[in-house]
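Lettered A, B, C, D and E in written order, each chain numbered from 1.
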Amino acid sequence: MSYLSTVLLLAISSALINNMVFHFFVGCCPFIGVSRRVDMAFGMGAAVTFVVTVAAFLSWTITWFVLAPGAPLTTAVWRWLRPPSSATPDLSILCYLVYIFVIAWAVQLVEMYIRKFFPSLYKAFGVFLPLITTNCVILFVCLEIMKHVGPIPGSVPDPWRLDKALIYAVCAGLGFMLAIVVMAGLREELELCDVPAPLKGPGITLAIAGILALAFLGFTGMDANLAKRFQSSALPEGVAASTNPPTHAP
Amino acid sequence: MTRSPHGPVPREAAVTASAPAPVAPAVSVAPGPHLHAAASTQRMMADVLVGLAPLVAVAVAQFRQHALFQMAIASCSAVVSEWLFARMRGRPATLWDLSALVTGLILALSLPAGAPWYAGAVGAAVAIGLGKAIFGGLGQNLFNPAMVGRAFAMISFPAALGASAYVSPSLGIEAVTSATPLTAFKMSGQVTPIGPLFLGATNGSIGETSALAALLGGLYLCFRRTAPWEIPAGAILAMGAAALPGLAGGGTTWTLAHDLSAGAFMYGAFFIATDPVTSPLTPRGKWIFGAGFGLLVAMIRRFSGYPEGVMFAILVMNALVPLINRGTIPVPVGGPAPQTR
Amino acid sequence: MKRNPILDAWLVIALSAGFGSSLAAVQAALKPRIEANKLCDTLGQVPVLVTSATRAEKVVVGDRVYYRALDAAGVTVGWVVPASGQGFADKIELLIGLDATASTITGIYVLDQKETPGLGDNITTEAFRRRFLRKPADVPLSVRKDGAAAAHEIEAITGATISSESVVAIVNAALRQFAGQLRSGAIRPGGIP
Amino acid sequence: MSATMARLRGRPFRGGVHPSENKELSWECRIETLPPPPVVQVPVLQHTGAPCSPVVKPKQEVRAGDLLADSSAFVSAPVHAPVAGVVQRETVATLPNGRHVKVIPIQTAADQPTPEDLWADVYGGEWPLDGVEAAEPSAIVSAIRAAGIVGQGGAAFPTHVKLTPNPAKPVDTVLVNGCECEPYLTSDHRLMLEAPRPIVVGALLAARACGARRVVAAVEDHKPGASAALRAAADGAAFEVIELPTKYPMGGEKQTVRAALGRTIPTGGLPLDVGVVVLNVATCAAIARAVLRGRPLTHRVVTVTGRGIRTPKNLLVPVGASYADLLAACGGLAPDAARVIAGGPMMGFSLGSFQAPVTKGTSGIVVLTAADVRAVEETACIRCGRCVDVCPLNLVPTRLALAARHKDWTMARRFHITACMECGCCAWVCPAAIPLVQLIRTGKVQMQKEAGA
Amino acid sequence: MSSDGPTPAERFLRGILPENPVLRQVLGICPTLAVTNTMEGAVTMTGAVLFVLTCANVLVSLIRPLLKPHLRILVFTLTIATFVTIADRLLAAFLYDMSRQLGPYIPLIIVNCIIIARCEICASKQPVRTALMDALGQSLGFGLALCALASVREILGFGTWFGKWLGWRVLPVGLSERVWAPWTVMILPPGAFIALALLLGAVNWATARARARKEA
């Protein structure tokens, strides 16, 4: 399978099939809170995508080099210290602590950077940035990356290098953005509807999310079938090339 | 005096003329225009019922009492739910606008002949409740109610509505002893001949088997302007476009014509996607909606775990309608209005 | 008045130190147990999959991992072959139990799957898994929709033919590979203490 | 030529509707002259623009054509006495559109011209073409201003304002609007048949005043008699007649200009922006009368029709006569009359009281029966999009109405609420019988108010 | 909130319904939806939240005189993350099945708005006893919402209640598929959203009714 198809599969899988909101339920708070207007939703989605990418980069790097069992930096320091016990150092218990600080720091960093260099962009979605610290999408993506980081070969089933982690983060962010923008469009419409009073606000939003989740179930299995398709389409070409008799044989 | 569902529209009360001698009769005062075309919501819904007639006929001819059973269950459940939910909100139930009946019937026609009673009943109740009532009733729902109900029932009862539910030899009907054409093609690459596929001598949901019947009824609706022709046209064109990279058709024997005639594509394009409430407002939006629907159907059929994608495609496109509407605000003749402030 | 940030943050530093040590303590206390749990996830199934086995040992051949099931006396009484492959919706992960000579299936267990709930996920039910019991491991299995007749046939779950076929295909592929390993001598066959 | 192309395509403008016309009710009725009623009430504001102040005092005697009220504002038009008589104390009347205006009542004097004399004075007699060449453009404009001429198609915009040359926006075409697209109404039709000559002369005078080279009359193709009469009356002068397909609202300025000339008036703009001046046929006739005979605009033709009136007629009436006078002259209301409308049934206003005076802009009175006014219960909008299909301006009426209902002015602006011309096509076609036009109209007013506040 | 606010007992009761974190404040929706397809998940999650919230509230309340405004949030985060890590390890050690089932939703407690909101609103300003009762009340309220949702979902979706731990069946075993079938959708994401939507609607409806009665 080519690199491009891997990317495509990861994108489809994380944005459509295993959509952050509709499949994993993460990011529900902003999904309900900041989905009143399309432009605001778009700002929120963009901000999340941006921060999640930065956070993914940082957390992958830290996990790979420091936190994961057998991380090279930690191991080096460990050897230099020459402790009496010979066990491999494992700092993975610190993961959650480190991630949440990485996220908080990334948010600060992004905020400062944007305020300084893109004031117009800051105006557009600066207000959402502080909210993102407690957005579960970011932490969820970091945790997902953690599952796939293993500096020791064979320690995790499907190890990701940095590129895959970043692609996953961007696609997860875009999936969140898709969900929240679609929801905002629907909610703008909803303001003109005569929704029963007890269901107004979060109630109807959740109900719509339910219907959307139903709709998104239609994509189930798409990644697997596409993967099969890519594999099989790669094969026959090779086979055809080798079995085709030369038509203009000398 | 009329009552608007959004609260009373301010109107001058009817005035009795205090006029000189020749003016005797009472005249009423109302805003213009004072003439009205002979169209009504009820008539549009009745049109849909007429359009559905060929499908119902094929369904009954092919699946006999099982088709009647499904239609009765779903229609009754829909009408009863409509009444119930209207009562719960303390609103008068508008059963005579026929919209609940249409929803029930459209749902029933998308069920397999052998579906158990609760599939239609739960589906129709959910269609009216979750699909319509919680949004405020007729005209305000954001998703096609019948498809919401169908999706809910299908995900709830995979054994009763999934691909395997279509094969039920115990019904004693020849058509349902083998898998539906789409399932047969997707799972084992088996191609149903185009003739029976188009005419409807195949297995499938009771209303979807005959592309011809759907085409006849659908053209009637388009001719009556009850259904916008742009949506089916867009869907068919998009399916055709999808055939170019092999998304539709795709096999050497499974052609574009197969994809167009198989499953609920025609039924969905003409009867479900054209639901005015949940489709875009402008012609341009309708083209986009139809094309998106066609593409999604092709994609889901080809790549997802499900053999058929009409229902999911409708729901996904429904969700996009507000964004489509937003992007296709027509420019007034003479250009956009100058911003005064 | 400028404040010293380090002094200012003394509380944070103190808390960090406290939390760090408590975490270290938790880690030290619980790590063995957690590791055991993780291992148990696979090995816990060994006695179920292979009768009379009490423990198992890991056999690594290249990038593949197999488990040799041992009885209390340390005699090889069977094998556990992990296998995975594409199902209807997503990946299916299985454990296949074999007898000591790797000729008969003694059990099958689904570690992970995301098949359609209520339909495809019936592959995890005992009723379905029992259909693999005492099936030959040296002949490719095949799926029948209407009751298994021959020895190498597995009856499909009603309405979930694809999931059933997927499981059978995964089993066939894994067993073929395992048999190859045995034949090539990469794995020391069982039955010999 | 784009106009020809537009006609060939048979789609002169987008949208539009075909309500049943019912013009046959008064189609054949020759214009009759209404005998002067005992009192006429002349409103001081009959036009778009600043109201006039009275220049006469109560008990003062006036002759027909004497100035009653005037204003120094540019966008305004004076009013004149339509009949000889004695001025009474001014009162206030409510016009059909709901506006309260000052009116100057005149007690009609005993001696009045005979109907024949009146007809001869207003539309009859000779209308020589050589007068056109002789007139100075500025003199034409001031004569029009002095005669108090306003557009007689409905909007009643002061005509001299349109014709005053504007160097920034040169005019090349005068378009004579003979499209009477409202159902039932036939006053313009009858005028074109019975007095085509003053229309032609008036149009040529207007063209000279504003410097237009081309004069085009647009008439719908269901009144071939009218276009033939205009062609005959043109008599070799540079006066084209174009037949346009019959469709409502062909008479709207934007639609007529688009259909006849293939030019699109920008939203919020005027025909002037595309070098066109649009004049109603009756306005043209009034211009001719004002310039050639020095007579002010005091009379106009009004159609009184509908199945709810006993004898439908086209009447030449003095401005200020009450609706009751007109109805009485037509035999009164039939027993099943259900609604009396000032103007056409699409854009007109229904009347609660018949005491209101006829103004320079009143084109007709339509009396509908209970059978015509189907009482349709308003139901929920099912977004069928028919209003979008018929909107001649390519708007989305259902959204505009929804926005107005929820006072969502952001959305109203996004969907260009201010572009709406309130022609009523959307409400006519709406299967749910939603009062779209009314909602949009009140929405526009409220939006303006809130923006101003 | 000033110190002369509600008494500890009142705070405890408030958390359960009038200020229920899920049903009234609509906080912590993510775990509410994710873990409620079985009662076991709901109970385990409640336990984890109870542990973290109680510990965090008590600790924050203890050190509240030392808190500096600009470092406050930092301290909260540090505290919460530590206790979540401990809870996570405890579950992995003693309830491995549930730990596997809940997966990332246990660490996601760190960013659960309920906890940081309680630290901020209550614990950083109130004495230990109040903070403790507040934590208990909020956790119980959270648990109540979770269990309500999980009951609906598990009963409709599987036809069982505490099916894994206690094996209680609500639908009779061997019921024919022609007569009735469990609603699979309820254990999938759409069912979670829809069930919570209806639950919120029902609670709002009941509250509005009660208020109307009181006023009448």
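Here, a contact is a pair of C-beta atoms (placed from the backbone, for glycine too) under 8 Å apart; a residue touches a chain by one contact, two chains touch by 3 or more.
All values derive from a computational prediction rather than experimental measurement.
> Common contacts of chain A and chain C?
B, E
> Using the touch rule from the top, point out the two chains with the most contacting C-beta pairs.
By contact count, the leading interface is B-D.
> Report the chain whose CA-based centre is farthest from the CA-based centre of chain C.
When every chain centre is compared against chain C, the largest gap points to D.
> Please indicate the chain closest to the centre of the assembly, with centres calculated from CA atoms only.
B
> Would you mind pulling out the distance in Å between where the CA atoms of chain A average out and where those of chain B do?
Averaging C-alpha atoms per chain gives centres 35 Å apart.
> With chain centres taken as the means of their Cα atoms, state the distance from chain B to chain E in Å.
40
> Cα centroid separation between chain A and chain D, in whole Å?
The answer is 65 Å.
> Taking each chain's centre as its mean C-alpha position, how far apart are chain D and chain E in Å?
70
> For chain C, which residues are shared contacts with two or more other chains?
In chain C, residues 19, 23, 26-27, 88-89, 116-119 touch at least two other chains, as defined above.
> Would you pick out the residues of chain A that each touch at least 2 other chains?
93-94, 97, 192, 196, 199, 204, 207, 210-211, 214, 217, 220-221, 224
> Which residues does chain B have that touch at least 2 chains other than itself?
Residues 5-6, 130, 134, 137, 140, 152, 155, 157-159, 305 of chain B each touch two or more of the other chains.
> Drawing the touching chains as a network, do you get a line, a ring, a star, a complete graph or other?
If you draw each chain as a dot and join those that touch, the picture is no line, ring, star or complete graph.
> What's the complete list of touching chain pairs for this entry?
Per the contact definition above, the touching pairs are A-B, A-C, A-D, A-E, B-C, B-D, B-E, C-E.
> Under the definition above, what is the set of chain B residues touching chain D in their complex?
Going through chain B, the ones touching chain D are 2-6, 9-10, 12, 15, 17-25, 27-37, 39-41, 43-44, 94, 97, 99, 137-140, 225-226, 228, 276-277, 279, 281-283, 286, 329-341.
> Along chain D, where are the residues that touch chain A in the complex?
My answer: residues 402-403, 406, 408.
> Considering the complex alone, what residue numbers of chain E touch chain A?
Residue positions touching the partner: 26-27, 29-30, 33-34, 74, 77-78, 81-82, 84-85, 88-89, 104, 107-108, 110-113, 116, 185, 188-194, 196-198, 200-205, 208.
> Considering only the defined contacts, which chain C positions touch chain B in the complex?
Contact set of chain C toward chain B: 88-89, 116-119, 158-162.
> List the residues on chain D that touch chain B in their complex, please.
Of all residues in chain D, those touching chain B are 13-14, 17, 19-20, 183, 254, 258, 264-269, 308, 324, 327-328, 331-341, 345-355, 366, 368, 372-386, 388-389, 392-396, 398-399, 405, 413-419, 424, 427-435, 437-439, 441-442, 451.
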